[in-house]
Amino acid sequence: MEMVDPKHPPAKRNWYERYVLPCLAELLGSAAFVFIGCMSVVEDAVGTGLVQPALVHGLSIVPIVVSLENISGAHTNPVVSLAIWLIGGMEHIMLIPYIVAQLCGGILGAALTKAAANSANFDTKFGGAFGIIKTNEQIGPALGNEIILTTFLLLVVCMTAVNVETKSHLAPVCIALTVVINIMAGGTISGPCMNPARAFGPAVIANYWLYHWVYWVGPLIGCLISSILIRFVIGGRAIRLFLK
Amino acid sequence: MEMVDPKHPPAKRNWYERYVLPCLAELLGSAAFVFIGCMSVVEDAVGTGLVQPALVHGLSIVPIVVSLENISGAHTNPVVSLAIWLIGGMEHIMLIPYIVAQLCGGILGAALTKAAANSANFDTKFGGAFGIIKTNEQIGPALGNEIILTTFLLLVVCMTAVNVETKSHLAPVCIALTVVINIMAGGTISGPCMNPARAFGPAVIANYWLYHWVYWVGPLIGCLISSILIRFVIGGRAIRLFLK
Amino acid sequence: MEMVDPKHPPAKRNWYERYVLPCLAELLGSAAFVFIGCMSVVEDAVGTGLVQPALVHGLSIVPIVVSLENISGAHTNPVVSLAIWLIGGMEHIMLIPYIVAQLCGGILGAALTKAAANSANFDTKFGGAFGIIKTNEQIGPALGNEIILTTFLLLVVCMTAVNVETKSHLAPVCIALTVVINIMAGGTISGPCMNPARAFGPAVIANYWLYHWVYWVGPLIGCLISSILIRFVIGGRAIRLFLK
Amino acid sequence: MEMVDPKHPPAKRNWYERYVLPCLAELLGSAAFVFIGCMSVVEDAVGTGLVQPALVHGLSIVPIVVSLENISGAHTNPVVSLAIWLIGGMEHIMLIPYIVAQLCGGILGAALTKAAANSANFDTKFGGAFGIIKTNEQIGPALGNEIILTTFLLLVVCMTAVNVETKSHLAPVCIALTVVINIMAGGTISGPCMNPARAFGPAVIANYWLYHWVYWVGPLIGCLISSILIRFVIGGRAIRLFLK
C-alpha cells in the first residue's frame, strides 16, 4: 500500500528497517489475520449466517493495514504482493521474501488458533481451513467465484492504494469492506479465500488438503486479470501501458 | 461524484481519458455492484433477516466510489447520473453514454452471478431480480417506498458529493450507509432497488419481468423530487434557482 | 454541530439562508430520521434481535448530519438543540423554531411511514411508536435507561461537535455509533428513544400515548445532566464555567 | 492516544486541566464503556450469536476515544495505560492515578447497569461479569485467548496511536474494530475481556469472583508481550531500543 506520509518521511532507513523489518511486519500481519480469521470460523455461532466470519476477516484488515502500511505496505497476502509487483508498485528484490513471510505468518496464525480454540471445534472445522468444496461439481462455481472476487479485491487494492490518480486515505477501509462483502456474497460457494496464505496456514496445521489447489489457482488467475485491467484499461498514466 | 483532488489534477486528459475511460469505469463499477448484490441475494442464508443483503449492497459502494470517483464520478446508477445532470453537475454529452454503460454493466454483473452462483439458488431467487411484488395490492406501498427511499438516497448523493456548501470527504461513506439503512428499512416492501441498472441486469439474465416497471418508475419519480428539492429548497447558491 | 469548513465560508447569508433554510433542514432531517427509523421497526424481521433497528437509527445519522450540518447543524432532536443552546453553541432566537421544525418533521416522517409500510405491520407496531413500557414497574428502569443513554449521547455530541478542544471530523461517525450501541444496549428496557421528536411523530400518527411522557422526561433530565457535566467538569475553556 | 491537534494546542494547562481533569475523563470514559458493555451482555437477545456484544463493546470506543483523547488520551483500560507507559508514551506520575480512575469507573459503570437493567437479567448474567469459565480445563484456552487477543489489541493501540512512524487519524476506528473482531473471534472461549477494569467493575457489583484472576493475568501477560514486540522489533526509532 506503500503510502508515505509526507510529515513522517522514512528518512534513511538502515538495513534492518529496509529488508528485515518489512518481512517481520508481513509475517506478523499475516499471522494476526489468519489467527483472527480462523478463530472466527472455528468458534462461529450456529444460525447467524456469514455475518461473523465476514466481519472478522474483513474488519481485521483496517487495524492491520493502518498499523503496518508505513513499514511494509501491509500486503499480508501473496496475490496482493504479486499484483502490486506486476503493476510496478514494489521493489523486485522483496517479492519472494514477502511471500515467504506471508506463508510463514499463515502457519503461525493457524498454530495460535490451535492453542487458543476449543479443540473439538478446531477438529470439526479443520482449524479454519476451507472445507466447503466436497465434490468435483462444486469446483466450477468455486473457481469462478474465487477468480471474480479476487479480481474485484485486487482492483480495489491497486486503485485505492497504488494508482496515483485514485489513491485515497480511505484505502484501508475500502479494502476491508471489499473483503466483508465478498465473503457475504460468495461465502457459501467457495469461502471465499482470495488469499493463499489464509488457505495454506490452516491446511498445514490441520493437515487438510482436499481441493486446496483451488485456493491457489483461483486467486492467481484473479491476480492476472486485475493486473491486465489496471495495466491496459483503467490504470492511471504512471501504470497504464497504452493511450497515454 | 466529480470530486477533484487538488494534489492530483487531471491535467490535460486525452480523448481516451475524457470519453472512453469514464464509460468503461461506469460499466465496470455497475457490473461489480450488480454482481456482488445479486450474489448476496442468491446465496443469502435463511433466518438472518435483511442484514446480509443490506450490508453487501450498501458497503460495496465505498470501494467502488473511492476507486472510480476520480475517473467517472462512480455513479453506477442511471438515476444518480440523471439527478446530477439535472442539478448541473455533469457534462450534457456524457449522460446517455453513462446510462448505456450502467445498463450494460448491470447485465454483465448478472451474467457473472449466473457463472459463480449455485444454479438451483440462482433459479429460486430469479438471479437476484426483484421478486417481492406478487400482487397488484403490493404496488402502492412498493412504489411509495421506492419513491421515498430513492429521494432520500439522491438527496444524500447531491448534498454530500455535488453541492459546494455541504460537500464532504465522507461522501462515499454517507452514500453507502444510506443504501444499507434504506434496504433494512424498506426491504420487505419493495427491495428496495433505487437503481434501474440493478433491476434491469438480473431481469435480462433471468428473464423475469413481473412488475419490473415499478423499479424504473419509482426511482425516476424520486429522482425528480430530489432534484426539485435541491434546485428550489436546500441546494447552495451555485445550484439553487431562487432567493440567492 | 455548527462546523464551518474554512474553504467554503458561508459568506453573507441572506434571510432565507439564515432563518428559513435551517428550519427547513431540521424539518427535512427529522422527517428522514423518523421515517427510516419507524420503517425499520415496523418492518423488522423476527429473530434478529436489535441489530436492524439499531443500525438503521444510528447509521442514518451519518448521511443526515453530513448533508445538513453546514446548513443547520443537523440537530434533528429537540434535546440536542437544547443541550447545544445550554452550553452556548447556538443563537437564542433559533431554539424554539428548531424544536418546532423537529417535531413537525417527526410527524411528517411518521406519516410517510404510514404511506409506505404494510398496514397490518404498521398497526401491530403502533407505527414505530415506543410500546415497550406496559406496566408501572417498568417505568423505573426505563426512565433510568433513557436518562443515562441520553446523557451519554449528548456528551458525545457536545464533545465531538461543539467543544473546541475535542472537536473532530469524525463527529458524525461518533454520534451515529453512540446511537447504534445505545439501542443495542438498552433496547429491551425502553427503546431507547433519546429523542422526543422520534417519540412524538409516530405517537401522533398512530395515536398511541401510553407512557409517552417517559420519552420527554428521560431525555430532558439527560440533557440537564450532560450540560452540567460539560459546563462544570469536562468542557474546554470556552465552555467550562470554573477553574479556567 | 496522546494525539495533539496542531490547530488547538493545549496551551498552558492549569493544575486542574493537567492532573484532575484527565483522571475524571478516565473515570467517565471507563464508566461509559463498562456500563454500555455490561448492558449489552445483560440484555442480549437469544440466538444472535456474538454480534451485539461485539459491536457494542467495540464501537463504543470510537465516541469515547474521540471525545476524550485530547483530555486524557482516553485509555479507559489499565493495560493500555501500562503498555503506553512501558513504551514511554505517558508521564510516570499519572500511571497509578489513571489505573485507579479506570477501576473506579468500572465500578460506577457496573452500578449504573444495576440501576438500568432488568433485575432478573442482571442476576442471570452476573451483571455482565465474565462467567464463561466454569471448569479448570477451560483455563488453558481462556488464558491463551486473553494473552493473544490482548497482545493484538495493544499492538494496534501502540502502533496507530503512539508510534510516530505509523500513527494515524484512523486510530480510534482501528482500536474499535480490533475489539469488535477480537470479541467475535474469541467470545466463546474467554469473553474476551482484554481489560481488567471491564472485568473488575461488574465483579464487585455482582460479587462474582470465579476465575476472576484470569482477566488480570491474561491481559497483563499480553501487555508485556506487546511492549516487548514494540520495544525490540516493530517500534519506530523513538521507541525501539536496538538497531537504530
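Chains here go by letter, A, B, C and D, matching the order in which they are written, and residues are numbered from 1 within each.
As a convention for this text, a contact is a pair of C-beta atoms (placed from the backbone, for glycine too) under 8 Å apart; a residue touches a chain by one contact, two chains touch by 3 or more.
What you see is a predicted model, and the numbers here were worked out from it, not measured in a lab.
Student: Using the contact definition given at the top, which chains are in touch with both chain B and chain C?
Tutor: In this structure, no chain contacts chain C and also chain B.
Student: What angle, rounded to the nearest 5°, describes the rotation that places the Cα atoms of chain A on chain D?
Tutor: 90
Student: At the place where copies chain A and chain B touch, is the share of residue numbers found on both sides over half (same) or under half (different)?
Tutor: Both copies touch with mostly different residues.
Student: Could you work out how far the Cα centre of chain A sits from that of chain B, in whole Å?
Tutor: Taking the average C-alpha coordinate of chain A and of chain B, the gap between them is 28 Å.
Student: I'd like the Å distance between the centres of chain A and chain C, where a centre is the mean of that chain's Cα atoms.
Tutor: 40
Student: Would you mind listing the residues of chain C that make contact with two or more other chains?
Tutor: 47-48, 51, 173
Student: Viewed as a graph of touching chains, is the assembly arranged as a line, ring, star, complete set, or other?
Tutor: Graph shape, chains as nodes and touching pairs as edges: a ring.
Student: Judged by the touch rule stated earlier, which pairs of chains are there in contact?
Tutor: Contacting pairs: A-B, A-D, B-C, C-D.
Student: Sort out for me which residues of chain B touch chain C in the complex.
Tutor: 47-51, 141, 144-145, 148, 152, 155-156, 159-160, 164-168, 170-171, 173-175, 177-178, 180-182, 184-189, 229, 233-234, 243-244
Student: Quick check: in the complex, which residue numbers of chain A touch chain D?
Tutor: The contact residues of chain A facing chain D are 8, 10, 14, 16-17, 21, 24-25, 28, 32, 35-37, 39-40, 43-45, 47-48, 51-52, 55-56, 59-60, 62-63, 66-71, 112, 115-118, 172-173, 176.
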